[in-house]
Amino acid sequence: MAKEKKESVIESSLKRKYKLQAKDVNVFYDDFQAIKGISMDIKPNSVTAFIGPSGCGKSTFLRLFNRMNDYVDGFRMEGKIFIDDQNINKKKVSVEQLRKQVGMVFQKPNPFPKSIFENVAYGLKIQGIKDKTFLQERVESSLKQVALWDEVKDNLNKSAIALSGGQQQRLCIARTLAVEPSVILMDEPTSALDPLSTAKIEELIHELKNKYTIVIVTHNMQQAGRISDYTAFFYLGEIIEFDKTNKIFTNPEKKQTENYITGRFG
Amino acid sequence: MNNIRKNRLKDQAFKVWGIACTLLGLVLLLIFLGNIFTDGIQRINWSFLMNLPSRSPEKAGIYTALMGSLWVLSLTTIFALPVGIAAAIYLEEYGKKNKLSSILEVNISNLAGVPSIIYGLLGLEVFVRLMEMGASVMAGSLTLGLLILPIVIVSTREAIKAVPKSIRDASYAMGASKWQTVYFQVLPASFGGILTGVILALSRAVGETAPLIVVGALAYVPFAPLSPMDQFSVLPIQIFNWITRPQPGFVENAAAAIIILLLVTFVMNGIAVYFRNKWQKKLK
Amino acid sequence: MRKIKEFVIEKLLLSSALITIAITIGIILVLSIEAFYFFSEVSILDFLTDTEWTPLFTNKHFGIMALLSGTLLTTFIAIAFAVPVGLSISIYLSEYAPKSFRKTIKPLLELLAAVPTVVYGFFALMVVTPFLQGIFPELSGFNALSAGLVMGVMIIPYISSLSEDALHAVPYSLREASYGMGSTRLQNSFRVIVPAASSGIIVSIILAISRAIGETMIVAIAAGQQPRLTFDPTVPVETITSYIVQVSLGDVQHGSLEYRTIFAAGITLFVFTFLLNTLSHKMRKKFREKYE
């Protein structure tokens, strides 16, 4: 069933111009306004980076796409978020269904205190999939996609917590891939990792782009320059500039963007 | 100069006093335990464990009391465990910051401070009289179940709280529902802590005397319970009964039974501490 | 389908949590109803002012003061022993002792609270009373002193553990300021730290008092069964709790006035402990706000 869905997603995404859209979004936490009037269109099979100083709303905005902000006290949103032309905040939308389509990788790797196999299979398990062969195949292909298979294939029953930081993060990505989403959200995925692991994951993101739409929040501007097609510069809850990465980093329109890029502030 | 000297002396004096106080309680406990041990150890043999109570101290044994304690402990677990864990899950995972939650919290902390004998009065009226269970194992177990319920809830909550938020986040981000997250992630991760809390609550229950006396557990029961509706006695009540008997032989019996009771209590506490350490290591 | 399952599960869990409220309502109802019947036969004035408690004799008196004085006397002795000892322990562990000592001693002290109270009762009667009789020959076989002292030993960890947490929670910066001015640990402890942690310490004492008031087996075994309005620790007394045990062991008719006396005694006990617990809860909230 998941396979059929994916083909139709690819088919329709070829027809659709934009994968993710935001229209006039405002976000409030009680009285504090975290996001001010943001609209954005993201193309399918692209990597979009969100950059900007700390606390400017990048993570908050990212989490609108999988509705993880719903759990925060005092959260309130105005405006619309669309995925595949569907408003995801409508009552009839199942948030659990949404999160199978839109996966998330967190800043600090958070594998479950279970075995490697159980971590990757978790997303399928909660959908009720019990077929052992199917699970094994899917786990293997997910681990292969993140280039972790060869390292762990003989130890699938070992605890995931025993892996190194970089391996754990790749495991978390594999876990997300196992349910075959079409969008992957990444919230500073390499900021807690060493340079070698960071490089491996950047390489991975580059490959994943072919199958998925990726949005990544990053503090590391060089990283944004390396891996993203489009970049959005956030400042104090607003988007100052959103354009092709090349343009943002070589010839930005706004002075503020230029100041941030060249390190004059932030 | 003199003042500084005086202050230093006072400081040292208090240090000595502090150590003395700290050791006082433990030393007293050791003295008591030593006394019990010498009084009772000779009395412990297989016949003591297997005999029924009797009017003659040499013939009396703790069999019925032991069986009663076993019955009560088992039934108490069956009542208190699921209800306590379920309530703790609700409060920690499903509760919102509203009036109901704060009422529930205050209420539970109040219940934890209610003297155990009051639970006995509650059990007497509701289980023994109103629900016509009589002075049965069932009535006693339900009463103790209510008594340890707040303890189970509080310690389960602590265990659940210790599971890092990041694990829940990861689970929700994958599209798991709240119950799936609780069942597949939170409960397995907090299992060790929950187990510790339950064992500690049960080790408290095994030593409880007053509420069961009020419910009607008898001091002289010539048979072990065969069904939950049978009359019963428990080890601490047997001890209490023997202490109040005038014949000197019963003092030894009481001491011997105390040794058994303390053995059970300390072993349970030890197991609980062992599991707590093991679980704390696992989460790190 | 999934949504229905989630809804049902949530309601099941909620009902488990609501059982706790049912318990409280049950306690209040049971005590109040039986007490109500009791007070329809015995005037509240008599209950509160009569100085004798003899409901099981032919000449019946229902003065709760006789039982209350036994409860308060034993509690007072227990607290008078446990507070200085427990506080000293907590100050020593918090301000003087090396970490390793603290780590090993703390669980050992908590062992004191884990011993079943019937065992403590045995000590009080068989060991402490004969020992004290060697010092005070007029001490009777059942008395408030032995029971009170042993209760004190039992509640040491209530005071020492909670006070120690309170002392520990005081920010280190306060100690730095005090030592920086050349004070000794003793001066620092008593002049700076203890006052700063005072609300936490008071909470621990209130909880210990509540525990002592509700204690049953130690007094049932060692304090005696003679209710009397007295502050003499050397004579037998009876507490509210040991009275309830005494009646429960006997053959009292259900529904009779004598039966109802245990609920009248019980509701008195409940009111005291409820007030103390509520007080400590309010203070604990205030104390937490101070350091967060």
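Read from first to last, the chains carry the letters A, B and C; within each, the first residue is number 1.
Assume contacts are C-beta pairs under 8 Å (C-beta built on N, C-alpha and C of every residue); 3 or more make two chains touch, one makes a residue touch a chain.
Predicted model, so just to flag it, every value in this text is computed and none were measured.
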Far-end chain from chain C, centres as C-alpha averages: A
Two chains sharing the most C-beta contacts: B-C
Distance from chain C to chain B - Cα centre to Cα centre, in angstrom: 17
Length of the line joining the C-alpha centres of chain A and chain C, rounded to whole Å: 56
Averaged-CA centre spacing for the pair chain B and chain A, given as whole angstrom: 49
Shared interface positions of chain C, touching two or more other chains: 2
Two or more partner chains touched - positions in chain B: 177
Sites on chain A at which at least two other chains make contact: 96
Contact set on chain B toward chain C in their complex: 7-8, 10-11, 14-15, 17-19, 21-22, 24-26, 28-29, 31-32, 35-36, 39, 82-84, 86-87, 89-91, 94, 103-104, 106-111, 113-122, 124-126, 129, 146, 149-150, 153, 177-179, 203-204, 206-210, 213-214, 216, 219, 236, 239-240, 243-244, 251, 254-255, 258, 261-262, 265-266, 269, 273
Residue numbers on chain B that touch chain A, as the complex places them: 97, 164, 166-167, 169-177, 180, 184-185, 188-189, 282-283
Residue ranges of chain C touching chain B (in the complex, touch as defined): 2, 5-6, 9-10, 12-14, 16-21, 23-24, 26-27, 30-31, 34, 84-86, 88-89, 91-93, 96-97, 105, 107-109, 111-112, 114-119, 121-123, 125-127, 153, 156-157, 184-187, 189, 207, 210, 213-217, 220-221, 241, 244-245, 248-249, 254, 262-263, 266, 269-270, 273-274, 276-278, 280-281
Chain A - residues contacting chain B, complex: 66, 68, 71, 73, 95-100, 103-104, 106, 108, 110-114, 122-123, 125-127, 172, 175-176, 179
